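Have a look at the structure below, then the notes.
Chain nomenclature is as follows: A, B, C and D, assigned in order of appearance, with residue numbering initiated at 1 for each chain independently.
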Amino acid sequence: MKILEDISLAIQKGKARDVKQLVMEALEMGITAQEILDKGLLDGMGKLGVRFKNNEVYVPEVLIAARALNNGTEILRERLVEEGVKPIGKVVIATVKGDLHDIGKNLVKMMLEGAGFEVVDLGTDVSEDEIIKAVQQENPQILALSALLTTTMTNQKVVIDALKEANLREKVKVMVGGAPVTQAFADEIGADGYAEDAATAAEVARSLI
Amino acid sequence: MAHVFKTTAYTNLEDFVYGKALKPVVLKNGMVIGGGVLYPEINFTLPPMLITKETMSDVMRNYRDITTGICERAKELEVPGFVAEIETLPPMTENPQWGIEVCKTVVDIIKEYEAKYKIKGAVRITPNDIREGKELEHMWRGRHWDSILETFEGCAMTGADLMAIESVGGKETHDEAVMYCDISKSIFALSVLGAKDMEKLWTEIVRIGEKTGAVASGDTACGFANTAMVLADKNYIPKVFAAAVRVVSAVRSLVAFEVGAKGPHKDCGYEGVYVKAITGTPISMEGKTAACAHLSHVGNIAVCVADLWSNESIQNIKLLAGMAPVVSFEQLAYDCRLMNRAMETGDSLLLRDLHADSDSYYDPQAYVLRPDVVLEISKELVKAETHYERGKRAALLAFEHIRSAHENGKLRLDERELSWLDNLSETVENLPEDLEEFIDSVMDDCENLDPEKYDM
Amino acid sequence: MAHVFKTTAYTNLEDFVYGKALKPVVLKNGMVIGGGVLYPEINFTLPPMLITKETMSDVMRNYRDITTGICERAKELEVPGFVAEIETLPPMTENPQWGIEVCKTVVDIIKEYEAKYKIKGAVRITPNDIREGKELEHMWRGRHWDSILETFEGCAMTGADLMAIESVGGKETHDEAVMYCDISKSIFALSVLGAKDMEKLWTEIVRIGEKTGAVASGDTACGFANTAMVLADKNYIPKVFAAAVRVVSAVRSLVAFEVGAKGPHKDCGYEGVYVKAITGTPISMEGKTAACAHLSHVGNIAVCVADLWSNESIQNIKLLAGMAPVVSFEQLAYDCRLMNRAMETGDSLLLRDLHADSDSYYDPQAYVLRPDVVLEISKELVKAETHYERGKRAALLAFEHIRSAHENGKLRLDERELSWLDNLSETVENLPEDLEEFIDSVMDDCENLDPEKYDM
Amino acid sequence: MKILEDISLAIQKGKARDVKQLVMEALEMGITAQEILDKGLLDGMGKLGVRFKNNEVYVPEVLIAARALNNGTEILRERLVEEGVKPIGKVVIATVKGDLHDIGKNLVKMMLEGAGFEVVDLGTDVSEDEIIKAVQQENPQILALSALLTTTMTNQKVVIDALKEANLREKVKVMVGGAPVTQAFADEIGADGYAEDAATAAEVARSLI
């Protein structure tokens, strides 16, 4: 449908105002919120995500598109609830204890939101206790952990052990990442997924749910 | 009161070369940095492990093994001298006695080798700047601030020769600037917040230096400009943005010298080349041999005016040849041998230019490190009076040089870089003249900034 | 019949330089090795893991990731071309289909990048020579021999450009020679056993090359001369012994070219410089950037006449910047950029000599790699008629040059090296003229040698 | 005693014939075999070992001294049995399966023999079964394993696991070494000791018994 394509394009160009306008038009045309979301907004983010992965656009472009996406979903929110549509998944994300690195986590968050995930960001330097509490409260499908130092990556294991202790390990998939982290390390500590970089994080998350 | 540099120390490109600085730094053991020899500066970090009271003996064993390995290799390769940098990890700044103990361990081994085998070694202590995160009370008081100063003083007393830091004043704001490639916010973070913090912090470090005899060396904008560089390298942000941030970061890093730092500027700040041009103090640089810590587009050009040559950081893990820090050390030692040999034969300018020319065509981040470009930009930069004006001018000068190099076929730029170059230049041209007006226009948009922590 | 080189290909020191060979090797994709550009040759191996049927998918994933990482970086750094060497691990030669599958994986990714991004890449296949140990039936028949040839042929068919090996004929004997620094036994192992095996083996490899279009490139005396080098580096054996073994090993490695190999000689044979001097074919060399695989005293001098520049080997483990093979690749790429830039500006001889002079004073192993020394020794070496005579002469020439360099202040030698130098020279001078007499005098003392496996 | 010092010196100089002569003289003087061994022969090897560690002598010198040592112990053998003297310990040494590297193992063997250990060398490319059999037959205090490849070092763990399986783990101390092996790896696979190089191997072995 032409209007959904237009929404997708407006997202890709980061035109928040156009997105708002077009989403309202689409609703007036009687298109379901679900369809506007999937074939318009998320289609646009998906295509931009591919271009990002192919080094055709930069992070600021994706962030601006993500803002436009928010503008669109804002308008759809009520209707989505009415239609009973849920986000494709919920992710709790954090940089582990002792580690103040923010940017890598934020890039992953950006890519996850662009892929339609609801993301709860706990920030940096987050202890296992705070993470456990958040998992209990938010009930996410995925817990995403970041660490940038060789001396904090081990705290990803600490979190996984704490999840087991709290009988939460079966309830949530854990994905890990960060400069010193490898697939082998992820396997060793019993994580469910490993993302090499922000660009692949969304794919990994999608594969986990 | 801070001394503001109004002219460049170097006026002649022929004098601006590796291994020699107009104001060399003489260490306690007689080593002269910038006195005619390029020395390796080795950096290292722990392998994957936690740092706690329980693991402290293992931590110490690691530092002991690393230092012994390096000293042994220095002896084997007859290295004329070297610097070992200890960058403390966050828990070691939070518990200053840990950082000081690590420092003592490294210092003692180096002094032992010096006594036994006449291998000249020096230690640079770089406390991790822990003034970040939710628990921070204030930038210039409270436990975070106290711990940093305590680490400096304790390490200086225990024998560290050089004091350095990668300070984080303005970083919370710059992290946002980098993600959105917001050049105004970048200038605000570096030349307003960063400069303000640097003045406070370095006044203290210089004081500790006077008290202890350790040299207040320098402060790199690693968390700013290197973050941009690494993101640019992953193609996450445009290279022209990262190149401009690099030049703007010089304005910030210069502040340490305005309040009395003496060099050598720390390795991971490529803006050091501007610091050297303006102040005449020696600098440490890192290039291809630092690929272990981060890939880059400035592998060769980085050495052109270096006085120390560094590997940035490598974990203490085993490679086939032996432990990784020893491997890096050997690589640095050979790089330095070559450069020093050319110094002896009078070919150092030629070798400098071969290094520069081999990289500068391929990347704007490399281009703005060309010795000739550095000197030209520096001469213009120092004409601006305030940090803010310098910040703006730094960005504009970077953009101008990049644009004209591209037009003259001296620099290749992707199509998509060009539109960013235009937009970014325009943004900077339109920034207000007045500082207060500038601050007002930017600050509201700074989500992570808590102005009270900066007394603003 | 084998062609014996009676003169050196190079007569003029001015022509003997990196990046250019008198007989360049042209690959299928148009890359010319020795045609005026120095290319990186990247080597890699698996991280700690077993190689079994069960782990094979993980093995393949490793090779896929390594190759992709390297190709990505080649693209980013706009490398003009590169070679990737696959050294199969023992189980991959024992099960040739495994080695061939690994080769296909690597070849396919490189060809994909070449098609998509015009990055020129080539593959060198180096089957691990498994003709060792208690189960070996015979050097030139049986399952070990068959597996090696099957690996060569299979990999050549699957697209490998270059075929190389570190063959082990005589190694069982040389291991004894090295432990006791027995120079007679070393000459026997290299120029009698080694040469005999090389002739058989390389006749076959050349035949496979003719059949498949892959280039029969060369065979390094790694298990001989590099073993000696590594032991000398640990101060386990004298450096003058290791230096002599290096020169003697040239006699052995040359045999591949006598029966039709075309180059480029493989990286880990520093004797390649002699091969290039005598045959005019291009060579691969490794120096400071190979410190990951072994420390050495020849970090700079190794590049002087190299046509490919290699890192020897690195495990696929993670460093802070990313996977270690990518890090090594970046380091090689920058080294090559510098060398190539000097080629463009006409400064290649100067840069060659700076590299040579920076190392050769400190170690006899470096000294015998000086381009001028290599050419002088080579000219004398080719005058000897048989492999045995050449072996003797190689050792004597090495000792002579080392002694006179030491006397003229061009080479520093420890006191304890000097007495070994005298004893070793004397031993070689007293070796019999007659080959049979020589064999009789040495062979009885070779504990590990089973002459029947060599049809002796 | 002067003659014991002379024996020690003759060992250090690698003078096999002198050693033989001096040992016989010492026996005639009524000195016990134990004393000749400890204060003469092994004292010489120990001193040479220190000089080797300090990079003052090379491997060939140590090997030649080891031959001289053998000459000496040959003569003492009967008397040592009579006196009930046992070697300070017995070591079974091997390069693990899939690995044909010989020299590193031989250097360790040399250092161990020089320190007075009895060493049973199983050679290279030795399977866990062969090693188990040797441990059962030889009953050594120490099993020393060498590996030079990243793809064979894991076989050191295979051997340790096989020892457990065969209920032999408690009966023998295991020390490991080789280029890719580290203290951390040794700890991880449950080895009792790790020797960084041949020069330190004897010290490690001594500390284990």
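Everything below uses one rule, namely that a residue touches a chain if its C-beta (ideal position, glycine included) is under 8 Å from a C-beta of that chain, and two chains touch if they have at least 3 such contacts.
Values in this document were obtained by computation on a predicted structure and should not be read as measured data.
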With contacts counted as defined, which of the two, C-D or B-D, has more C-beta pairs across the interface?
C-D
Centre to centre, by mean C-alpha position, how many angstrom separate subunit A and subunit B?
34
Here the gap between subunit A and subunit D, centre to centre from mean Cα coordinates and rounded to Å, is 59
Return the distance between the CA-based centres of subunit B and subunit D, expressed in whole Å.
50
Residues of subunit C touching 2+ other chains?
45, 47, 315, 317, 320
Please set out, as single numbers or ranges, the residues of subunit A touching at least two other chains.
150, 180
If two chains touch, include that pair; go through all of them.
A-B, A-C, B-C, B-D, C-D
Quick check: in the complex, which residue numbers of subunit A touch subunit B?
55-56, 58-60, 63-64, 98-100, 102-103, 106-107, 123-125, 149-151, 153-155, 180, 185, 197-198
Which part of subunit C faces subunit A closely enough to touch in the complex?
47, 317-318, 320
Complex contact set, residues of subunit C against subunit D:
45-51, 89-91, 132-134, 175, 178-181, 227, 231, 234-238, 315, 416, 420
Report the residues of subunit C in contact with subunit B in the complex, numbered from low to high.
45, 73, 76-78, 233, 287-289, 291-295, 297, 299-300, 313-315, 317, 319-322, 324, 326-328, 330-331, 333-335, 337-338, 340-342, 345, 347, 350-351, 354-355, 357-359, 362
Considering only the defined contacts, which subunit D positions touch subunit B in the complex?
150, 179-182, 184
